[in-house]
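Please read through the structure below; I'll follow up with questions.
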């Protein structure tokens, strides 16, 4: 019986010029949909889990098309709600080598940002769930989104469902009057697994420990939030827009585990690689020990760099094979 | 020395599924830009006039790309201003036969809607101009857009520049507290040429004359606004989404002129055909007598139905040839 | 609470040269999926019903992609089963005017054709269903497919669920040893609604009544199979590959009802128009009286001619509007 | 044993904006190759004949790609010769309804135009041939092309191979010092079948008979050139760029034969329809009596209007079916 | 006078999602054709040789389109035969870095697999040939294919035409009752040149020499089959799906020759690189000494990694330049 | 107030097969426009300068489309002149790794090549200019182009406007009777900045100093032409068609400056990288000291390798960031 994961967050229309064209060259846009939490759910589904995503879309043909994208990629969408008129959007110009990818967001006033508390019946949503996942993007979007997310983690805690939070956020997103330092801890205190970075821990929890390394910061984080079981991090070395290296690190309160460094020499699409890591971690923690879990998460993350779009569509076999060290990418017939 | 036309209004990114795909089928969007007034300016430019469009775009790569579209299609963009972050957008699903085209707008909160009075120096803009054109869409967008438009027509009056207004508007657009019945007349009283319809005249000026035909309504309109020289109308018979008929009508206070009925049997793109009519009318009034002007406008309108995108890119020769009765579309080598 | 329809049959990969290219010109194929019964289910889903399709796909990435197509277009796929290695396929070269469309099938040995009795648990599938639909294609594919279909209609009868059968079949499809004259009647005797044609009735039931019109043949059919409530027919007048006319006819044992003749002057894609008719009929019979039902079915059929792909994706509003006589296809904003 | 046709003339790269885009909109060009005489040869090949085309291409990758296009479409290319550096080109913007298609040629200085007498060994080329075909374009290109063509028809005469000439030409093409009135008759006197029009006969042979109809002009033409067996004409009625009517007429010295008028209501690509007519005529004259030949030629011509590109790729069955009166274009499965 | 090579084997339709899309993302497929032996023939043709391929296609428009692909790429197709209804197919999802490419075959029951002995008149086919090439795929497809291949090599032996066999095969292909160990040696004993690998030699000839290197195995192979002149191998080091290294090795009974290691750092399309090697080897052995031949084969193989599709379309100059050590890929103007 | 640069030279239509297709595979061409000098102007415009390009196009829709490309990419085109009928063209097949890109030119007889002295009013063009740039391509095209260029540099000298010349030329271009050794020096003696290479200096000025390095040759060049202020060179190390390294070098008569070596590991489009270097140099010399100028030029050049098309469309911020050492290409949100 496959495990079931629930995620909650905005899904945006992603519009990108074909290939490596710049915005100034485009006469069409490639169209997919994506959003950190839905990306996690879809990745999990491709790995063989059951997965549902909760979000709010405009009540029009574009909102329905976004829902259809989620359904196509195996999600249950029965808890998607509809209202208002604007679908969040982002435009992506893909870079290469020294040229950065550029992202322009248009999400202010989106249907999702206008979500309000109690629009979602979380007990109904979480019934039968084995995991709930949130990210630091959602509470940054609007107070309504924050409160919905808080309802969700509290309901999950009450129902005994493990909660993971990828707490990365961008301070320039927080425009509705609260800061991430006020908000994120209120969600972390309902979370079992936290995905973050050294800088993330320092900034979010205002720790003045500039010289502490990740392991020490993770220890400190668990001191502050004893509800946390694991603190997890993905290290990225950005050699260029076309070449990155990835390594996963996990502190479980007892041992400090690191994956192999994976060398992604020909990046196809960098977006959503953090979400692929989170999905791999969830799968790993539900099916393996911690050491395999962090290796699995890192392999999933590495593979996402080769899949166009926001979402990691590789199979369980692909991830396992890379986790076990086969980096050859040899043809499968 | 070519005549110069100035237009003012929002330019939107237009995103449409390829061919006859529905929104539910699209995996890419064709990308062009359009907006009623800019469409008029570009049409005029393809007919050989000088043309500049005044608008406000977001200060980012998408705003610049929109500007580049206008420049490519021969407009002067030196009076485009930049600010805020959102480019107005519309999504177009193209219909056929009995299936209607569907349009979804996302323009609330756009950079253009946030324009404010005196952001544009109209005296500078209108220097050397031979015509100014506005439409009933602009004052519907926001109070700021309305006031800018009012500034423009007043400046044009002061500078002795003829003004045309295509007063068509949709009452469901008016959301900022004023109604079209309050606003449109304040612009009409600064206009020399009014493009409208029988229903438009009745609704906009609240005339309770349900049985009056266009000519009578036009006479009444000039009674109300003696500044008006011509009242012009384009009759469309919609046999299906693929087959329309077009006829132009013009009342100049003395004679009532009608063009031939033009039969567009295989529509390629219906959007912007009213703007092509307006552009043809402006060109016609500046270069011909009224009878030829209305025939030219109708021919321009008919030809637009065969050009993909919002904008009429046909040449002066194409329009003249159809105006003179050559409906054969025979190959030019 | 929306009504739920269940369908059963093969879904094929459809590969077609872009636009009007011939097979000899193609350097790529447009890719969709389709099959008569699944087309019916998806049409019903776009009209607002719940719908599930039962089929068998190869257990590989192509079988999963086909499933994803069904999910995207709103079907429940929980009863899809997987096995063997070949996905049925058809190649479509789209014609125009005097040039016929050409279809090449490659479905021999497909996973669906290898289905066997009792692979499907019909009681489970039909639980909560309000309608079951089959076509004359399925029993032609293989004996296994025939027996599964027979299981389905018997289960539906037992559970009191209405059954419709579109009995059109092509005699050159029947290669496994049985003829359509042997097989189709065994399914018709479990059906409440039969969609057919005059020629279909004569051929399938070997009636030697060359001069009888549809109404008389329908009367005779109900005489033979008193379980039938309605005999329904779609008349197509093929003026050219680009221009057809459609009219629906229905005999319900008491009155003979005909829809308006609908004139499809610019065909986009003719494939699946019969399935759109069947879906419209099912929706109509579940929600309207017979006269409106046949009008609704005809309108749905007409609209499908304007939608690319096998499937009718138009909305309930579109069909209702055409059913009520608005043939203008005027833009919806 | 299939009959073999030989053609001679320039083949150009054809570059056209996708769909109905204007030149001002294109960001890519669709690429095919075409030229009147090669179009005839390829049409004949699709009808089941053997066919070879003789031409001269630049000695580079583009010349080889053009050769590959001919090979792909079944021609023998063993007599293609190579030299110089420029491939003739034409740009096609496809019109619709009242908007004309526009063609821009760039063929001056092409490798073909630099061909010189005796570069082709016609006895070798024509060995085993059953027909030779030329058009009035070739002698217009350059004196070298003219002389090669003259060599060809003389060799064909000597070898007893029937010769057809489509003598249409455009006087603005003749730039090398000779006029079409000087040149065309020198080729016609070696031709058995002449394809032309009333205007063509009047202009080319300077007949001052403004009121004579085609039959009378054809009679006069055979008086002047007793070597001619048939004078053939294709009448086109251009209702619009999207809708034409076609009828064939043939005078064989004894009877005056006309085909049905064929009504092409949805044109896909008008280019090359005259060449399709010529190919149908050659096939018809080699396989049928004159009445069927002119009907076959007209049907072939009508069908070409529905095939993208320069070349008629329809099958013998398609043409026969239309020739026999089936205008329905009903799907073939 | 160019040398002529004859090849024999199945040609499949290859369908692949654009770019790096996964099967789950595709809404179209890129379409080419390929098959090991035809790939060799086409490569040889691009190098300047004459080449003909012998195969069997379905007797329909798809079989003709496949033939047209071969003709376009310079092959003689006069010995292609037609029958039955299914074209073999394979689906290719292109991988990158750690993500493997995935191939799904659908070739069971194809027209080629139903070929039978004496359908091909090999004496006629091989007349004027300078080389015959087969691969270990063909005898795996069906007993009919095996026997045809055996007829071919025997005929070649009788006519004194050199024979090369690329004996790589996949044991999971052998489903008709014979094993590759039974069959391959019966073809090898009619072959002059064998392309294989160390594992291939061990498996195919059941040699229990796990520690022997290629040279020793090659010596042993020639001991077993004294008819063999050269045993050749291509070593591939698969660093990732995007980065491979290639080196050729050749034992001619006297000397052991190895090429430089070629470093393919940015793979465009890996499929068909072995066939490019075989073609390079055939060209090399016919035009150079053994040392240059193996260098030429390796260079051809390396270059194929940069050409989309199954087939190596590079020129003789390209291969010679790389063979001589110019790895710079500097622009040619 | 932005600085203004003027450039002069041919702009060609660039036609290239999509992706990595070879000419033999293309069924469409991607369409952009480019030419060394216009590329420089557009790059400068994207960096924030004002820029105008002077050229001559055919007086037809293609000439207008080329102009529209320049306008879209921010150039002033008021000094473009029109005449004759042929647009220069080049075809680009993009290589990878060991496979060279191939370029085929078709520019003989182009409208630009037929330009004649005094067609351009240079005093008018250069009014308000801050820089004039020419390349060694222009004087190679025709004597008329050479004389126009000479007029331009003389006018610039007279008006005190700095002149840069990128003197690279290909001796096989010079066909009108003059050699580059005769012509280039006559332009260099009116230039302040010369971009060249060691080989360029040796060849162009016939210096027999095979062992001199760039700095020594640059010193000698300034000895010969004391008007020169800077001699600049871009060193390219071509590891493969996919991987190059770039370093800029500058001699200003006093110091010898070199930039960092930039490592472009995944080339997207190599064409126009020299022009991007020249544009970066012009921007740098106008805004920075020499050391920063050469670093800026090298960074601009490196970034161009990642932009499809001829033209560098990166922003000032992109170049500055790379100039300052950020090679990470990390996503900008």
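The first chain written gets the first letter, and so on, giving A, B, C, D, E and F; residue counts start at 1 in each chain.
Simple rule for what comes next: a contact is a pair of C-beta atoms (placed from the backbone, for glycine too) under 8 Å apart; a residue touches a chain by one contact, two chains touch by 3 or more.
Chain-to-protein mapping (UniProt): A, B, C, D, E, F = 2-dehydro-3-deoxygluconokinase.
Model, not experiment: these values are computed from the prediction.
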Joint neighbours of subunit D and subunit A, given as chain labels: B, C, E, F
Copies subunit D and subunit C - interface residue numbers shared by over half, same or different: different
Most distant chain from subunit E, judged by the mean position of its C-alpha atoms: B
Centroid distance [mean C-alpha coordinates] between subunit E and subunit A, Å: 45
Residue list for subunit D, restricted to those that touch at least two other chains: 19, 22, 24, 27, 68, 73, 102, 266
Complex interface listing, subunit A residues touching subunit F: 19-22, 24-25, 95-103, 105, 170, 238-243, 266, 270-271
Of subunit A, residues touching subunit C in the complex: 68-69, 71-74
Subunit F residues touching subunit D - in the complex, by the definition given at the top: 15, 18, 22-24, 26-32, 60-62, 64-65, 68, 85-87, 91, 93, 102, 104, 106, 108-109
Of all residues in subunit B, those that touch subunit D in their complex: 19, 73, 262, 264-268, 299, 302-303, 305-309, 313-314, 318, 321-322, 327-333
